[in-house]
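Structures for review follow.
Each of the next two complexes has chain A plus one more chain, namely chain B in the first and chain C in the second.
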Partner chain A sequence: MTMKEKLSPFQASILIYLTQSGVTLFYLPRLVAEAFGTNGWIGHFIIYFVVNINLVLIWLVFKLSKGKSMFEIIAILPKWMTLPFNFVIASVWTLLGAMVTVKFSMILKVLFYNNVSLVYFLSMAYILSYMLLKKDLYQIAKATVVLFYFTVWTVFLLAFHLPEFSFIRLTPFIFKGDTDMLNGGVSVFTAFLGYELSILYIHRIERKQLKSLIAGNSLTTVIYLGVTFVCFGFFSFKQLVSEMYPVVTLLGYISFPVLERVESFTFSVFGIKVMLTTVMYLWGTKELLQYQFKRAKSSYLVTVIILISFVVSFIPKVLKDLDEWLKYISYACTAVAFLLPIFLLITVVSTKIMNRESANE
Partner chain B sequence: MRKNRNRFLKDFKLQRSIEISNASEKVEPKLAKEGLLQQFKNNFTNSSDLSVTEFPNLTIKIYYFSYLINKDHYEQFLSKLRCITIEELQPFLTHSEFRLLSDFSELEEAILSGSAILFTEQKAYELPFKEGKGRSISPSETETVILGAHDSFVESVDVNLSLIRKRVLSSQLKTIKLHVGNKSKRSVYLLYIEGVASDKDLEEIKKRILSIQKDGITDTNMLVQFIDEYPNSPFPQFYTTERPDVVVYKLFEGKVAGIMDNSPYAFCTPVSFFDFMESMDDFSQRWFVGTFIKIIRYIAILVTLLFTALYVSVTTYHYEMIPQALLPTLQESRSKVPFPPVLEALFLEFLLELLREAGARLPTKVGQTIGIVGGIVIGQAAVQAGITSNILIIVVAASAIASFVVPSYLLSGSIRIIRFGFIILSGFWGNIGIVFGMAILIIHLSTLTNLNSPYLMPISPMYPKFFKYTLIRGPFKKKAGRE
Partner chain C sequence: MNKLFSIILILILTGCAEQKIIDDLALINAVSYDVSDNEKNPLRLTVTFPIITKDGKYDRKTISVEGKSSKEAREKVRLETNLKLESGQMRVSLFGHELAKQGLLPTLLSLARDPSVGTRAKLALAEDEASDILMLQIKNEGQNATYLEQFLTKLNRENLRTNYNIYQFLRDYYDDGIDPILPVFKVEKNNITYNGIGLFHADKVVGILKPAEARYLFLFREEMKEGSFIDQIDVGEDEKATIMLNYELKDHKIEIPSTSTNPKKASIYIELIGDVIEYTGREEISDTKVQKKIETIITKKINREGKKLIVKLQKLQVDPLGIRRYVRNKMDYKEWKALDKYQSYQDMDIKIHAKVIVNSSGKWK
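And now, the complex of A and B:
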């Protein structure tokens, strides 16, 4: 109930997973194929490793500062100095949160609802986001866990593709074909983004902070790995590279005795994961702005953030524009993910040194 | 939440006395006879139903409501009184069954609860001749069980307390008597098992009940709406029951129960959503069967909520979801209907709700007629007239049946209302509308609390060790202790 309620490690892991798992999942197998070539699914292990290094950095900040929050660490700096940094990070996060929703809504419109205006889908996403954002992180985490149960069953739909799965399609070659390891690798990495927000709430995790962060990332990786592996064995390599949204195509093959082509439903359920990614990025923005403008009422901040996101959502008109936007925002977000913990580490260490020196004097 | 808490704290400034049951100390009267009698007369002006018996030789007056007292006992008392002299009166009244009243509030409560009041020159006494009139104990109609005890609460709080006391033969069962309302002062008894229930819960519920100043609360189901945290939620937050065995089970689970005079319902708190999915039959069955029935109930909730909405969604936006073999049947059935699926479904659901409500309000014999008329109208005439499709009738009937599987009448009502929301959303936006509705519902449920305890516990926050007592009906343990 109170602001100080701590997250359980399980809640933290689920929060990480659902923040990470977003709209990129629908075309992740193609990204992986473009980046790493044949048997590209193995490339996930590299990304997993890199993300874990970043998570260790975040944990080090927490550990070295003896459990302080990010805002307690930067409190030694004057507000005017932190303002531009926080503002830039908040902008990047808001844009990423908004664009992820726009991307999902656009795909939804293109695939299933050609005659329905985008405004409705965006409104739905922002209404849900508002409902969650006006609550405390603990309440968000509680809702997230239930939403996780509501969405996680979709993973088991992969079992429907096992009869069609063929090891021959995997080919005996690893990372061959037209590969673009660096640019493509960064694109795949963006599918894992979302974990960096843990820097804002690691101090609110009850215990086993590092383990719960890594568990969340592991869950994401296992699911990504499963989806990508099935895609590599289901589609031929060339087919996979030319499929715009291979996961949507994959879902289209599922049929039950009384219902078939359930992809419109499963795709909609995926929308909740996307919405939670947006919620967490906007929550990060809210926290940053709340730090800068302590007097601002939280509910006003949330309303302003939601309104800004809603307006920004109408800037990209077509999917191609949107992809460009997403590409650059994701790069900026990746930079934030690495630089923010490094900056905080430097701050913590230098504060310690300064304190020690002043104590010696 | 915070607003509510503030309200409680604010209201709590009005301190009330808490009476511990059984406490009936004899206190010397603070007011002179004239004072108390005068107060009594002033307050009971225009009460033509108030009777009085005077004994001028003994200088006493007895006031009572003739329909509230037991006349035989009263007559016996009067015949005794006729035989005594004024000197013998005082020793006679010191008899333990006559309670000396100390102030007007005590007097008021006593006479209204069915006692007669005897005024001597100096003092006032309560003569306990309460009439035990009331409904006899009968099986519950809203919470029927096949196996297990069949008694249920009645309107008399004494009988209700006795039904619980008989099942808990322990001095650890404690009762606290509170009053609700400024004028009506309805009695509410809080029951708990010392050492099992949490003191924090007890204090919180006490505080909330005492903060109610509203008069005219007539039933426990009404009372709990004044003390819940989310008055605008469609979901019931306090578990109310007619069954003493359920109350006893909940008491041993560490919950606090409450019963109100003149209400055949008791409430239990803190509870979660899953408490509303339980029936005492689950415990009488083998655990396999109990668990199976519980799972059926969860499926029933989903069917109630989503089945009609899914029909609307599929026939409006997602024809590709229907298998080839079923498509011609569905098309044929829909071809005569001139309305869009959402209107067709809403019309039929609305008609069904009308039938249900009419059936609930009418006497049983007429109710049956309504059932037959409704069955024919919905079943045949509506299809023949081309207003609805026969597949929709199957869908609506299935979801109606599923709604009656939910053991709690309160929860069943909430879910039926929410179903309309899902139908409308699916009519506008198909599957994404349904998912949107589900997300709203999940977010709402996961932020609800009952007495500060999460409504979706043990799912969120997650406590896997409690799954077998809530989500399913796990096997019993022989070890002592709370389950």
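And now, the complex of A and C:
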């Protein structure tokens, strides 16, 4: 392969942010309220900290291996050994990527287009994903930055809710009420997933690798924190727990002088973010498979991955099933996020020790 | 070529989505819910939507049906029109007094659950039957829905924060520190008029404040920014005068002394600065002495009337001022949860500390 362009730290941060922020954002405030109880928005700091630890692990892999990519590190292992691992991770990522799009499409269908078949939404999403996936990561990152500017303005819509925001409603109670710190905490954590893909491209970031990873995660946290904080002062606590998609209600509450009910537009803009999450996960899958099957043409791989995701997308029939799927897949994905860097660290360190021993002999 | 094909495909796909031709739609702009006499179908649903008559005139159609629930009744409405029903443009939802006594939550939740209904849809009570208000044909007033919506927006703009929409009602319903209120309308002399504020205990209406009393209620609510005070005051012995004061609410706070575990006291502080617009007394209102005197009179009046209102609210066990929110913020979570909130609210001693300052006497000495 030809020499690949490097990502600038800014591009990397944006890439992390857009991979992380996906469909969960629409119900994140409810998840947070269910998990941490009153003033649950503070809980984001805990999750932020945990994610940063994970990012440091990924960075350590990069640092100790002196800038090697993940595939260069595992190259010392025979292919038949890496195959099952890669295969499992690839399927987890494909499933997550696909289910995120399905979730978005299903919400879109429930809320705005009751009579439109899912096939249309999914076809649109996968055609767009295919067009991005055909390109190299550098091109995807460039597109991401454009799409970032395209979507980031939605954050300022929160200003519309200030008249209804009240500090008294926040209550002085911290983490009280029916809390479910562990299970709930993990489901809030899944909203932050997406950063773990950086293990595949950290070696391609030009400089300030750790900083740009953490900056991306910080951006996500700031936006999540903003949205959740506003929700806690905008809704009363029990109302927030009963709202299926608080952020959609939040968007729906905005009214412009001439336009009513703009949420169907803003919600669709969010679709871009969801699509990028899918694209990045499918890209990760592609990279893994490419390593295993060096001789396969990349464009064939992309087509196969897109087709598989498209077919898989139709397995969960209703939102309830889908939520079950998403739950277990994101648990698996969380496990991958932590275990993969740890496994790589072990590999790097043991390679070093073995090399030293052989040098000593 | 490939790109062009994909772009065309995406554009064409959007056309496959559902079509809505506006001429074929019944865009419901107001609904009302009442209790019906029919035991089998206890809910009366009335919907109104604009139509264009055959000779091109803008008119409206109102359909009233009885059903078991709001959505079941809606299905019956479907059988009575040639147009496709759409709830997306619903602006106002009215509730009859009887239904409100039984509780609004089931009906409200079916509105909140329906994704096509916006959370900004405004709510109001009818003093009697809500369907009377929607059925009323006011001369030269096209759509009752638009009329009501404008009316509610106006009340809101005049700082009578009655503009209670679905989101606000549910928010205060689910908040354990405040109770919702709704504006009340009635049919009078072939017109729809505003007639006070309905007070809610949870989701059930327990009393209606007349507009004159409701004015004081808004004075003590925090959203108030400005308003006008019109009342008759005693200025001397056997002498009454009417005064109108356009005021600005400078300060508003509710304080709970943080001493005991179950606060028994609360104080509401308000400060008004106003300009006299009308004064029918014989004295010179521009005189500072007279102004001082009037300030004390109005202050006393607000304190007295306000106290009366608060006692009434406490008796009804409704807390539209959200005093319990302030109590909650002084308490420990466990103690707060264990507290009998309405009882402790009823037993509270709530004091009003008003301060009125006359700024000017208008543009006449």
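Keep in mind that, in the parts below, the second predicted complex is superposed on the first by the 358 of 361 C-alpha atoms of A that agree within 3 Å, B and C clash if a C-alpha of one lies under 4 Å from a C-alpha of the other, contacts with A are read in each partner's own complex, and residues count from 1 in each chain.
In this section, a residue touches a chain if its C-beta (ideal position, glycine included) is under 8 Å from a C-beta of that chain, and two chains touch if they have at least 3 such contacts.
Being a predicted model, the structure only gives us computed values, none of them experimental.
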Which of chain B and chain C A:261 touches, first, second, both or neither: both
First, second, both or neither for A:143, with chain B first and chain C second: first
First (chain B), second (chain C), both or neither touched by A:8: first
Touching partner for A:160 - first (chain B), second (chain C), both, neither: neither
Contacts of A:169 with chain B and chain C, given as first, second, both or neither: second
Partner chain in contact with A:108 - chain B first, chain C second, else both or neither: first
Touching partner for A:131 - first (chain B), second (chain C), both, neither: both
First (chain B), second (chain C), both or neither touched by A:272: first
Partner chain(s) touched by A:331 [first = chain B, second = chain C, both, neither]: neither
Common interface positions of chain A, toward chain B and toward chain C: 112-113, 116, 120, 124, 127-128, 131, 255, 260-261
Touching residues on chain A, where the partner in the complex is chain B: 1, 8, 10-11, 108, 112-113, 116, 120-121, 124, 127-128, 131-132, 135, 139, 142-143, 145-147, 149-150, 255, 257-262, 264-265, 268-269, 271-272, 275
Residues of chain A touching chain C in the complex: 38, 110-116, 120, 123-124, 127-128, 130-131, 164, 168-169, 171-173, 176, 234-239, 242, 249, 252-253, 255, 260-261
For the chain C and chain A complex, residues of the former touching the latter: 3, 6, 9-10, 13-14, 16-18, 88, 115, 118-120, 167-168, 170-177, 322, 325-326, 328-329, 333, 336
Footprint of chain A on chain B - complex, ascending: 1, 317-318, 320-323, 326, 428-432, 434-436, 438-440, 442-447, 449, 452, 454, 456, 459-462
